[in-house]
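A short worksheet on the structure shown next.
We just call them A, B, C and D in the order they show up, numbering each chain from 1.
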Amino acid sequence: MLRVAIVGASGYIGGELLRLLHGHPRVTVVAATSDRLAGRRVDGPHPNLRGHTELCFVGHDTLRDIEFDVLLLAAPHRETMGRMAEFLKLAGTVIDLSGDFRLRDPDVYASYYGVTHSAPELIPEFTTGLPEWHRAELATSDRISVPGCMATAGILAVRPLARAGLIEGTVKVDARTGSSGSGVSAGAAGAHAERSGALRVFAPTRHRHEAEIAQATGHTVRMTATGVEAVRGVQVLAHVNLASGVSERDVRSAFRAAYGNEPFVRVVAQRQGLYRLPEPKILTGSNFCDVGFAVSADDGTAVLIGALDNLVKGGAGGAVQCLNVRFGWPERTGLEFTGLHPN
Amino acid sequence: MLRVAIVGASGYIGGELLRLLHGHPRVTVVAATSDRLAGRRVDGPHPNLRGHTELCFVGHDTLRDIEFDVLLLAAPHRETMGRMAEFLKLAGTVIDLSGDFRLRDPDVYASYYGVTHSAPELIPEFTTGLPEWHRAELATSDRISVPGCMATAGILAVRPLARAGLIEGTVKVDARTGSSGSGVSAGAAGAHAERSGALRVFAPTRHRHEAEIAQATGHTVRMTATGVEAVRGVQVLAHVNLASGVSERDVRSAFRAAYGNEPFVRVVAQRQGLYRLPEPKILTGSNFCDVGFAVSADDGTAVLIGALDNLVKGGAGGAVQCLNVRFGWPERTGLEFTGLHPN
Amino acid sequence: MLRVAIVGASGYIGGELLRLLHGHPRVTVVAATSDRLAGRRVDGPHPNLRGHTELCFVGHDTLRDIEFDVLLLAAPHRETMGRMAEFLKLAGTVIDLSGDFRLRDPDVYASYYGVTHSAPELIPEFTTGLPEWHRAELATSDRISVPGCMATAGILAVRPLARAGLIEGTVKVDARTGSSGSGVSAGAAGAHAERSGALRVFAPTRHRHEAEIAQATGHTVRMTATGVEAVRGVQVLAHVNLASGVSERDVRSAFRAAYGNEPFVRVVAQRQGLYRLPEPKILTGSNFCDVGFAVSADDGTAVLIGALDNLVKGGAGGAVQCLNVRFGWPERTGLEFTGLHPN
Amino acid sequence: MLRVAIVGASGYIGGELLRLLHGHPRVTVVAATSDRLAGRRVDGPHPNLRGHTELCFVGHDTLRDIEFDVLLLAAPHRETMGRMAEFLKLAGTVIDLSGDFRLRDPDVYASYYGVTHSAPELIPEFTTGLPEWHRAELATSDRISVPGCMATAGILAVRPLARAGLIEGTVKVDARTGSSGSGVSAGAAGAHAERSGALRVFAPTRHRHEAEIAQATGHTVRMTATGVEAVRGVQVLAHVNLASGVSERDVRSAFRAAYGNEPFVRVVAQRQGLYRLPEPKILTGSNFCDVGFAVSADDGTAVLIGALDNLVKGGAGGAVQCLNVRFGWPERTGLEFTGLHPN
């Protein structure tokens, strides 16, 4: 059994890592850290784990006294980069879910996160934790940075056409997200009475995930982000201009070529039906990212759509998928849940 | 114009008082207090008032320098009783929306609120702010205590039968409430990701409003309270035992006798239809309390149902209705909104 | 009192017309038609009207025997154009809420509605029922066509910049709508278990309201429409390219110039706060359309945002506002409701 | 591999059976019937199964030409009893999810279902499909009738105390259910705009599941059923009178004795915390039924609470659990999903 430790295990991503790894047949969680809850049972903040585990949180310092093979980091942005040198000493393989090592260019990082990157020399060591586009590198990488939730949906939706040279110009992205993306400590903005039923354009411009999509596609991206009524779920719509002569058939072929054999990406672009395009509603709890498209034949534009569960494929599930790739296990191991309908 | 001051105007009840009094043709709000937000516009925390008022919050101390006729208190439980002597000096008429002067017996208060009442000598001065049952006293009262939101629905649903001697024994109440009842500062329990879609039995026994319903009906009451998915809205179901020989017709007659001429209570007990029984969904924003019933002919039991908007009829609207009664105005003044369907 | 008849009064728009006109001091509803429900009380399908009216539906044929001044049409698209000649004989003033007389060019109509227009000669007689941009014509018009819900939000958000020449090129619109926009008969697609929590991209391209926004702004518009978790509420985001040299200050000035004195349009574009941009959540039941913007200083693009209640400002409320303009009454008459917070 | 056929596979329970059996390592689904959708892929109405199966629906008549070991019946009430004799010829083991063989007494059936039972002679052949209370019989039974969703929650919550003689008199049950309980064809009552945010007391008296709880506990039961805002999820509150001298400790002991070793029942009755009592929100997709209690020490009453996912433990999952018991497999086989938090 592979021994895994989780830093920041009391948050929503941490809880989801615990859920997924509990059901993973090749992994054992040897430590789940939370300074605030050290000594308390993990099924307190994560009540869905009742009856499944007797595990308790430990303080971060405990990690020095425990042996493990892989360290999963679910710590906050900005804090993570300052401690990364320390983390890298603790385990042979480190998978980071923070935003600190996603952007290759420290200047872009500074521009989007508002602080200078404190460990720019470590950035090149990290591989992007998106198996669909980096599977080969991930198989041998010991530093993995999992993309952001909206970035994952956006990259998976846009990159097939971008790589195939089928689109031109700026990509306009409308991203929608549920409330769990704000984490356990959402504060007054996350109070139910304020957040319920909201269509909150919390980032009309310059959301951080915009930079990740731009980096992964080579296009300028302009993205708005809206909080919608949901706990889990991300959906992105990308408005793109097709290159001259590109047909709907070309678009479909590019998606099929990119994802035809992917275990966790389904191309959903049907003519009719309630679920003819990607919809996060039926993805809750699953590791799927559904991608689809609609082409405006008359004017050479298209809408590309991606949907996923931000805590699974857009977070903890993506990390577990990387773990499976890194250790050579079947990629669906521990990630078999299909999603629910209706839900 | 009657001059009104509002204490605790930054909370949800305070905001609703501002909304209703803004539309009230005989009242002007001369002060809205909030020490935290003194100097800031009231349409900051209450964005629905944008374009309707230029009013700004003032600090509590400012009340000493302003003249007004009526003081509306939307301050917290426990804090209110300690300051009531001071409040009573400030205005000829005081309408309190806290829980501190609802229960006539200080021992019952201590039992349900967990603290000794600090101003028991003032309790007898207060009239219960429920016009349907205390209209005559309210017309001349200058100390009014508005009942709790679930209590209002429960009292209006149960009291007609209790007063008519049609029920016996303990009344079992199942109360459901939206998240706005927890107020602006609901904390971690009110975070959207935790509260959304909840069926949270936050008070399986001894909710404070239980004591109010018992006091108003003369029956022992056992009440559970569940937080449901809604921002506004309260619904109570009361399981009662009918006295021997009481028929459905008797029940209907008692409700009609009690509320046939009431401006804000509708008897809703139809044979069929989606809205055949009281439903808070169509009461949002309105001052109605719908009440209804279903009789089990075979065993002499009945279910009584009440529904309302906790911030209106169960709070600010109830207070404005009392104000109308106290000053002899038509009772619907400023409370004309019908509610929405669908909603 | 102005005598009004409503055709199609059993639907959601019909119900909202009844609600608003019930509270309108200068109007009396003399007939509400529904062949299906003729003889039944209007408070059956519209339970929020209980206690407010004893009105019953009448069959359509009854209109020939009743005198009235204004006919409000809430009949389906396609059906309305075929009966318009008849309707015009029935009343001096006709206000149509269907889509049939919104588009000036019958070819565009055919392209978006999939049928040839059956009464193209009547189209030029109609004035667009948007007082913010057609107030003078509306004051003397007896044929008024109220724009679509998403079109209203889109036009109000985009037209100030379009008219001032501040934007260039194609406008990309992302529109979101609640379930009530599908009407009473939404069918399987509208079943709660399927529709709840949805982010359904039901029109990735060529939604009909796209054509209305294009017509009103003179720009090519590409619009996606997504059904979101809400009963009422529309929000549109328009991605635009600013003309060379246009600053945020220019944008703000254009919005202020357009709407500074409007009774039902608020410019909401603040630096911070939960409700710093337009949000339908706080507009439910009100006739406001909030509009706002965010400018990307570095690249000459902007996001324009509009939000409203689709059944009020995007439907029945817009019609009542037109009625007020047409008959010279204060424009807020019968439309005073402020909206609720929290909600 | 055990060969299973599903009758009525296009509905919500049918879809859930397909989901669970797809992940079951010892079962293969050889036929999923739907006359309406014969020849169509099952992942049409059940889009969560995309990428997991190529199965298509077959017509009911096809069952005569296929060999299988177990027949799972997800056909409507009333229709099932008329066809049961035929079904019993088709397979060695029949598991019925309709209501037709749950009640032992045909007169009670007639009273609650409004029709005479057409196959009363078959009723005694069926075992109640609730492993927690009928495990031994189920291990050898070839006719199994799975209880109703609210009945399962109610029986699991009340029976431990009833069997131990710890309660007396009538049990008052408040049951709450999500919209998926109404099935695919919920009609106008299930339209999102009407059902969203509802607190609909659709059965104030005499809901059918009341009779099942009474049968299983030996107590008179009076139950109300309310539709709440959720797609999945059932919660029941049972108000009971404790027998003389029964303490909270006795109650807890009875629950532990009943369920201490159960794989799918957790006793949740903590002093504090957001999830201190059973909550369906964290059970979505899982086969757990959480049960809990709160005792009013002063007056000898208690509230018992049960929560589950109506389509899993209250339907398809319960059926699969019975299958596991019947064929001697570990009871959690194919039912490992833990549930999600937050959700």
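Just a few scattered comments:
Here is the rule we go by: contacts are C-beta pairs under 8 Å (C-beta built on N, C-alpha and C of every residue); 3 or more make two chains touch, one makes a residue touch a chain.
In this text, all values refer to a predicted model and were calculated from it rather than measured experimentally.
Looking at chain C and chain D, the chains in contact with each of them are A, B. Averaging C-alpha coordinates per chain and comparing to chain C, the farthest chain turns out to be D.
Among the pairs A-B and B-C, the greater number of C-beta contacts is found at B-C. Computed from the mean C-alpha positions, the centre of chain A lies at a distance of 38 Å from the centre of chain C. Chain B and chain C have Cα centroids separated by 35 Å.
Rounded to a whole number, the gap between the C-alpha centres of chain A and chain B is 45 angstrom.
Each of the following residues of chain D touches two or more other chains: 12, 180, 188, 193, 196-197, 229, 231, 274, 342-343.
Interface residues of chain B, counted against chain D in their complex, comprise 170, 172, 174, 176, 188-189, 193-194, 196-201, 204-206, 220, 222, 224, 226, 228-230, 233, 235, 237, 239, 274, 277, 279-281, 294-296, 299, 301, 303, 305, 307, 342-343.
Interface residues of chain D, counted against chain A in their complex, comprise 12, 15, 19, 22-23, 44, 46-52, 180, 231-232, 266, 268, 273-275, 282, 284-286, 288, 336-343.
Those residues of chain B whose C-beta lies close enough to touch chain A in the complex are 12, 178-180, 182, 184, 186, 188, 190-193, 195-197, 231.
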